[in-house]
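Worksheet: one structure, shown below.
All chains are identified by letter, namely A, B, C and D, in their written order; residue positions are counted from 1 within each chain.
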Amino acid sequence: MSEAPYTEQELMVAVASREIRDGDLVFVGMRLPILAYAVARNSHAPTARGLFEVGLMRDQPATEFLGTMGDPPNVAGALWATRMSNVMALLAQGLVDLGFIGGAEVDRFGNLNTSYVGDPARPKVKLPGSGGGADIAILSRRWVTLMRHERRRLVKDVSFITSPGFGDGSPGWRGRHGLLGGGPAAIITTLCVLRFPLGGGEAYVASVHPGRTFAEVRSETAWDIRAADDMSETPAPTDAELASIRRFDPGGFWTRG
Amino acid sequence: MSMAQAIERFVPDGARVAMGVALEPLIPFAAGHEIIRQRRRDLELVGPISDSLFDQMIGAGCVRQVTAAWVGNVSEGLGHCYRRAAEQGIPRSIVIHDHTNFSIALALWAAAWNAPYIPSRTPLGSDILNRNPGLEMDGDLVRVHAVRPDVAIVHVQRCDAEGHAQAWGPMGITEEAGLAASSVIITCEDLVDPAVVLRHPNRVLFPETKVAAVVREPGGAHPSPVQGYFNRDHAFYRDYAQASRTREGFDAWLEQWVLDLPDRSTYLSRIDLGALRMSDE
Amino acid sequence: MSEAPYTEQELMVAVASREIRDGDLVFVGMRLPILAYAVARNSHAPTARGLFEVGLMRDQPATEFLGTMGDPPNVAGALWATRMSNVMALLAQGLVDLGFIGGAEVDRFGNLNTSYVGDPARPKVKLPGSGGGADIAILSRRWVTLMRHERRRLVKDVSFITSPGFGDGSPGWRGRHGLLGGGPAAIITTLCVLRFPLGGGEAYVASVHPGRTFAEVRSETAWDIRAADDMSETPAPTDAELASIRRFDPGGFWTRG
Amino acid sequence: MSMAQAIERFVPDGARVAMGVALEPLIPFAAGHEIIRQRRRDLELVGPISDSLFDQMIGAGCVRQVTAAWVGNVSEGLGHCYRRAAEQGIPRSIVIHDHTNFSIALALWAAAWNAPYIPSRTPLGSDILNRNPGLEMDGDLVRVHAVRPDVAIVHVQRCDAEGHAQAWGPMGITEEAGLAASSVIITCEDLVDPAVVLRHPNRVLFPETKVAAVVREPGGAHPSPVQGYFNRDHAFYRDYAQASRTREGFDAWLEQWVLDLPDRSTYLSRIDLGALRMSDE
């Protein structure tokens, strides 16, 4: 394990990168997942392909800073620049192995809210909305979300399901409702990694990040969260992972913000 | 045609207007600002995401309804004018028809083919279904009902005077928005001779019969990027996010960058476009 | 009127060209209608646009011989080279003013058969099928077909409706069945021009070609065809029309076959 | 990969194969002839029109079902093998699922988006509705059910070894066929370096993840035209129409032009391709 200091964002990126398997077609999204893709692609997943809903497929990650997935450095070297609906076709056919979704709020069944806090007719907070989040949640084979671990973000029940995880948590909820993919595989937070029972259900703590405790996780989670029987410590970023992260975010815009 | 003329003629009050159809790139900010200057009202904005343009038009009071997948500021987060309108009805209340990126694309394809709807798995299991009458459950599927814009405003790299528009980079929902719309306004970096674009008829985006106006407006997408021309002006988005946190801040921003300016060239004289220019295509 | 001799195909092309109005968006098709478009475009319809289902829009007609609408000379100078479904979008939106459809067999209500003669399960003759014919018949504002006038082609009822005209001929049949456009405007044959009552119904003879008689038409038509009260002689091709036809079909491939 | 290998691996007996998706141009005749040589059986052919290729494959006994809008010879008329199969079951009976050009496009788009169907006005009022279970009445509309090919075989002007294919000229239903298919076989005039095609990622037709094989096969579309390369060989179509009027004539034609030839280069040695070559792109 590396002795180097690292930020919590760097840890999250490293953990996220390990979710990417070689050969995966990845719906990349923005911010930390872009870095996670870059790290994976340059280590254990050299044949992964990245999809961007704006209408791009890439192999190599962009080598310049991206403010959005549509920025020119993300187009340079693209394998395919096309319509969003063509990219979505691959998603709808079940060909996307892994998707990343950003979220403001997640609940114990992995449902994400990026739309409304409070009554949608007169919301307390109007969030930006789904973008492609719901599409990824419904159609990708598995998906992962990254989030700051705060009690107001990890709630018992989201007030509005933008991107469905396991719905009401009952077994087979996704299949019964016609959702295509397997749902959320992990919630990577600033404190821990949460995972779900096979086939869906309530999130549990699979591993706690180095230096963090399960007690902290419990106090920052709005439901009575359980630990896995084999709960472990999240492996810290390796030197290689950190080097790769810092290569793709040299200014630390995303990981040292 | 000048931008002022194009907006005057083809974007009436109450129009359903598709903008920002390439997602983050090629957003027709200059057209949006002219709409604001002409104090257009009761528009329905249609798009996937909009990276601040919809937020500005909402804050300026032009908008009655938003039919979109995402409204905010992509690198900075929330759209503060969108928040104020949805949460407090400031400057006016708006109707929101939530979509996903895929569903708004399907809604436009349905309109393009004059199909009443396209059935889809998206957005099954999402509460978006309850917030948009255009997304209707039908057994195990969602009927994504057609959305037909009155006008699509599309910024492109080059176009000729006859409306043969060519753009490159990721295309988002550009093609289906233009086909679905009753008419298209093109704003372009370069107004070129027909021979330039017609050398590559495969790259022409829309049938010229849909194109109502072509406006030469170099830099008209700033602060959004234009592949081969300009990078995204991240700082401008950051400054806008800061300024628009309060209504007063937004109003001051709008005066400074839109209302007090006669046209786009004055706006551009205050921007260091050279610093954003791409070195190669 | 021109004194020049002309073939029956040249006459048909001239008559068809007169169906094209200035500014029309025309679904052109192949063979004689391509020539008709060229003639119209170069005389009374200088702002017409031609659409080809293969995926093309043109203003000027092609200047070289076309065996098919997808031949390279039809692409040279095109205004738009695209997907068929984009061209069909214009058709489906009701934006195509006029379509031309080829037919093997037409009946008194303007229904075309290009699919099966006899029982479709074991046909006497298997014809090639619809292509875009049915689409044009159902979706264009008005359409025209050109046909050799023979008793086996102008039948009382087609055995198979590939491209619907006025269906069973009852008033409002098209609207009742959800068809978009106004249906067939004319059947241009080697002997005469047939038209239909407003809103649909049975075809009647609007004009007989020079040198032909209504008696000939009757004997070559398989139903008891009626003449219009004001039945006239079809105006012969003008010198200008003939010159234009011969300019675009210099070898006479389509018009002197 | 050689054509023989590509067909051997990716076109099994019983496969649903989309071909001739650009309509009259870019028809993958070389691939079709290799399928015939390998005596593939029970195929379902999917396409809009096919300008003789489907006719040849039907005559050769490869085909169980035709799902198409038009099968014949565009400049000459009827498809004689298609007639014999439909009328007399020679060399075998075939199932015909009639489409229109628009409906086969919609059926492929439905498959591309994994929608069960797309509702359409086409082909309302047509007896085609009675001849294709994939076209189902639903109130005032037709449900055009998805058609998902196992493989789409697409001839293009250029491609790299990774499958980044680029074609130009009218596109027909090329894009939707490739997206809808489980996999794509590309045959190309020019096999180029990735840098050549990736300079224009907007012109790449398919995601490389769909492309199972890339075969360099210059002249592989003859007698159909290839924009920028070859004009259509009208005389060849005429001669085929003449020869195929009888079963015996067709069998002799097939021996002469397909079965007795080891590969495409031998075929091309008997054609005056130079006379068909376009002078400019």
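By definition in this document, contacts are C-beta pairs under 8 Å (C-beta built on N, C-alpha and C of every residue); 3 or more make two chains touch, one makes a residue touch a chain.
What you see is a predicted model, and the numbers here were worked out from it, not measured in a lab.
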Touching subunit A and subunit C alike are B, D
Name the chain pair with more contacting C-beta pairs, choosing from A-B and B-C. A-B
Taking each chain's centre as its mean C-alpha position, how far apart are subunit A and subunit B in Å? 28
Cα centre of subunit B to Cα centre of subunit D, whole Å, reads 39
Touching two or more other chains - residues of subunit C: 56, 75, 78, 81-82, 85, 88, 92, 180
Would you mind listing the residues of subunit B that make contact with two or more other chains? 106, 109, 113-115, 120-121, 141, 168-169, 171, 175, 202
Chain-chain contacts as defined at top: A-B, A-D, B-C, B-D, C-D
Over in the complex, which subunit A residues touch subunit B? Could you list them? 30, 52-56, 67-73, 75, 78, 81-85, 88, 91-92, 115, 120, 122-135, 137-139, 160-164, 167, 173-174, 177-180
Help me check something: in the complex, which residues belonging to subunit C touch subunit B? 25, 49, 56-57, 75, 77-82, 85-86, 88-90, 92-95, 180
Please name which positions on subunit B make contact with subunit D in the complex. 106, 109, 113-121, 141, 168-169, 171, 200, 202-203
In the complex, subunit D touches subunit C at residues 22-25, 48-49, 51, 68-72, 74-75, 77-79, 82-83, 85-87, 98-103, 105-106, 109, 120-128, 130-131, 140-141, 168-176, 225, 227-228, 231-232, 234, 237, 278
Within their complex, state which residues of subunit B touch subunit C. 112-115, 162, 164, 175, 179, 198, 201-202, 204, 206-209
